[in-house]
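Chain IDs A, B, C, D, E and F follow the sequence of writing; residue 1 opens each chain.
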Amino acid sequence: MVDVGGKEVNEREAVAYGEVKCGRAYLDAVKEGSVKKGHVVEVARLAGMMGAKETGRLVPLCHVLPLDCVEVTIEILDDRFSITAKAKACAKTGVEMEAMTAVMIAGLTIYDMGKAIDREMVIGEVKLLEKRGGKSGEYLREDK
Amino acid sequence: MVDVGGKEVNEREAVAYGEVKCGRAYLDAVKEGSVKKGHVVEVARLAGMMGAKETGRLVPLCHVLPLDCVEVTIEILDDRFSITAKAKACAKTGVEMEAMTAVMIAGLTIYDMGKAIDREMVIGEVKLLEKRGGKSGEYLREDK
Amino acid sequence: MVDVGGKEVNEREAVAYGEVKCGRAYLDAVKEGSVKKGHVVEVARLAGMMGAKETGRLVPLCHVLPLDCVEVTIEILDDRFSITAKAKACAKTGVEMEAMTAVMIAGLTIYDMGKAIDREMVIGEVKLLEKRGGKSGEYLREDK
Amino acid sequence: MVDVGGKEVNEREAVAYGEVKCGRAYLDAVKEGSVKKGHVVEVARLAGMMGAKETGRLVPLCHVLPLDCVEVTIEILDDRFSITAKAKACAKTGVEMEAMTAVMIAGLTIYDMGKAIDREMVIGEVKLLEKRGGKSGEYLREDK
Amino acid sequence: MVDVGGKEVNEREAVAYGEVKCGRAYLDAVKEGSVKKGHVVEVARLAGMMGAKETGRLVPLCHVLPLDCVEVTIEILDDRFSITAKAKACAKTGVEMEAMTAVMIAGLTIYDMGKAIDREMVIGEVKLLEKRGGKSGEYLREDK
Amino acid sequence: MVDVGGKEVNEREAVAYGEVKCGRAYLDAVKEGSVKKGHVVEVARLAGMMGAKETGRLVPLCHVLPLDCVEVTIEILDDRFSITAKAKACAKTGVEMEAMTAVMIAGLTIYDMGKAIDREMVIGEVKLLEKRGGKSGEYLREDK
């Protein structure tokens, strides 16, 4: 665990992205609301948000940060779900891992709720899109 | 949460896969053991294994299963880390989510430990490779 | 913690009930889907279900039980939300506490999501309705 | 999760109340110290306090707050236990949910420890009594 | 995590021991019930029991076991607290770690509640006393 | 839970120590890297660090503190492992318990990974070595 004792508290923000690639059967079922396990988008969104709060306990070297906000947005595209998560905190270190974890747990939840329909799903493209705050300043991914 | 009350307990096994694509700088640092945050492969392996035990609490509709074994293997390839996780349990439902979660948390940990070196990393190709046990029988992914 | 080592494993089921009494403003907002914090019924249902899985860690003398199923149903009545939770497990001891905890956490979530609209809400009538399995046999509350 | 990033940190306090209605048998057993499962009031008090620390993980849209203090007081009345919980924090958002959760988990624990004696218990009247700090200022429930 | 998939489920029991060495001031305060933080023995007993349920999450390579019983006994001796914990489960692997963890968390709690009175306390002699069940059979420590 | 609402936030640091006494067989196996369960020192170090983050949830009356840093150092001596843990936070109360918990969980992990080789191990001498910050000022143990 990096010692952040000497670092300043300032506003941190991070946006992460990921996707769940899958067949039409599952995507259609979600759109029609016919997935037996429930409202996939709503459940995954919530799981992602709750997952972000667990980041510091799941990722060994992460500090536990006091999140000001986590937002998870899920879109249904033609051949995949896209997941975007934003995390914010006033902290001594960045919230990238919180945003990444939110995306991951949302992705896992989408997978779990649809695996009876489509076992071939692939979770991927999980990456950091943006980051603000802290000494290293702003970061904007170029190949978004 | 699907009611598994009427299902039989039998041996379940699942293997999941995923990868962290990254540049040479981080891979070389890991091979040389020069990453400041510690032994990346060992920490990620452990985080994946511990993460698998949290599956039922992270993924809302998952049952909490009594895992008999979780194994996480991480390889350093030319342009990525490959992560394979196997989960086993005697249970009424499958352990795919446990294997998937192990891969995910291992991937997040690799990302976390190297993000000071390489911010462009992408976690992806997270998918189920194999599954055994239960009424649906054996599954072997074809496009491994 | 009562020693259940000598007890038989058998099918257990419990149904608990509770309600959140509140004004029309919040109930109407929920029906119209205009609550800023999201889909109250869906979020509370999920929180209840996930909360049930934490029972053994929250209630000191409870055993941790392998839940086969948790179902939470929330209805919007004229002056209150009614919450019903069913828990099932094959276990050496009953699942009353899991059903009760599900109701409680669902109730807390309903409260949390509406407290900006209505601070006067009261969570109450949390009680066991039914119980099956185990040496003490079936229980059906009379004053449901 | 409401974005509290722009809000000021200030002292927050909340008091919640609840009760467990039950028959004389259990109340007498508690007073005599003859409940097999242990010291009901002490265990429930502790469970409530520890439960308050879990609030942000149990209630999906709650922020995790750095509690300065949680106090749980339990009284044995003629036909019920009364539970009062006070929570305090220096935070950007209120601690109502922490106080409410403390009451709830204390109530569940009282129920759990006595359910072998009295299955008819009802947990109820869980509500916010007081709240201080934050933009909305002081709140004092009138129908205490 | 050792693969216990092929092992038989049978009754397991383990007893662990530990102590907190301290000065008279704290021991006397506990006996008189004058410790500000509360009933030390009762709180520590409970913390130990609850801690045992967390073993599989705290100790990386431990399996999560379905505990049938945890008992923690604390005695006040002339110059120390002695802590004994017994854990039981029907499982494929032993419950030594659960008993050891119970002792440890009880010890930490005793330390925490008295550290304002006595900073010199030492927690020690934490060891396994007995173990039953499983292929390796019975174990009884000789130098108890 | 002591009310720390009125206390100042300042830099806190604590160092705790502990050891696992054991036979040569286990120590040698660790040095040779032949312990089946993995890299004992690395796993224990990580478990201690992660355990420190759980302190506020394990020790009932502890506040949950925002740790700036946890460092666990493990040395292999002739007849024992020595464990030193340092914790740091900017907080209203000290981090002794975090340092102590880190030592304890590291000790439990060392025990767990070697118990198939040596059942006689004893975890002991767990104590506070140093403490800085807060009204009570600096503390340095004399009989280190």
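Everything that follows uses one rule, which is that a contact is a pair of C-beta atoms (placed from the backbone, for glycine too) under 8 Å apart; a residue touches a chain by one contact, two chains touch by 3 or more.
A quick note: this is a predicted structure, and the numbers were derived from the prediction, not measured.
Peer 1: What is the graph distance from subunit A to subunit E, where chains are linked when they touch?
Peer 2: Step count on the best path from subunit A to subunit E: 2.
Peer 1: Starting at subunit D, figure out the least number of steps needed to reach subunit E through touching chains.
Peer 2: 1
Peer 1: Rounded to the nearest 5 degrees, what is the angle of the rotation relating the C-alpha atoms of subunit A to those of subunit D?
Peer 2: The superposition gives an angle of 120 degrees.
Peer 1: Starting from the Cα centroid of subunit B, hunt down the chain whose centroid lies farthest away.
Peer 2: Measuring from the centre of subunit B, the most distant chain centre belongs to D.
Peer 1: How many Å are there between the centre of subunit B and the centre of subunit E, using C-alpha atoms for each centre?
Peer 2: The separation of the two C-alpha centroids amounts to 32 Å.
Peer 1: In angstrom, rounded to a whole number, how far apart do the mean CA points of subunit E and subunit F lie?
Peer 2: Their C-alpha centroids are separated by 17 Å.
Peer 1: Centre to centre, by mean C-alpha position, how many angstrom separate subunit B and subunit D?
Peer 2: That pair's centroid distance is 38 Å.
Peer 1: So which bits of subunit C are touching at least two other chains?
Peer 2: Within subunit C, residues 2, 38, 43, 46, 50, 54, 60-61, 66 contact more than one other chain.
Peer 1: Using the definition of touching given at the top, classify the network of chains in this structure as line, ring, star, complete or other.
Peer 2: Drawn as a graph, the chains match no named shape, so other.
Peer 1: Which pairs of chains touch each other?
Peer 2: Listed in label order, the chain pairs in contact are A-B, A-C, A-D, A-F, B-C, B-E, B-F, C-D, C-E, D-E, D-F, E-F.
Peer 1: Show me the residue ranges of subunit A that touch subunit B in the complex, using the header's touch definition.
Peer 2: Against subunit B, the touching part of subunit A is residues 2, 18, 36-38, 43, 46-47, 50-51, 54, 58-62, 96-97, 100-101, 104-105, 107-109, 111-113, 115, 119-128, 131, 139, 141.
Peer 1: Could you please specify the touching residues of subunit E with respect to subunit D in the complex?
Peer 2: Contacts found on subunit E: 38-39, 42-43, 46, 50.
Peer 1: Can you tell me which positions in subunit C touch subunit E when the two form their complex?
Peer 2: 1-5, 56-57, 60-61, 63-66, 92
Peer 1: Spell out the residues on subunit D that touch subunit F in their complex, using ranges where they run on.
Peer 2: That would be residues 11, 46, 49-50, 53-54, 66-71, 88, 90 of subunit D.
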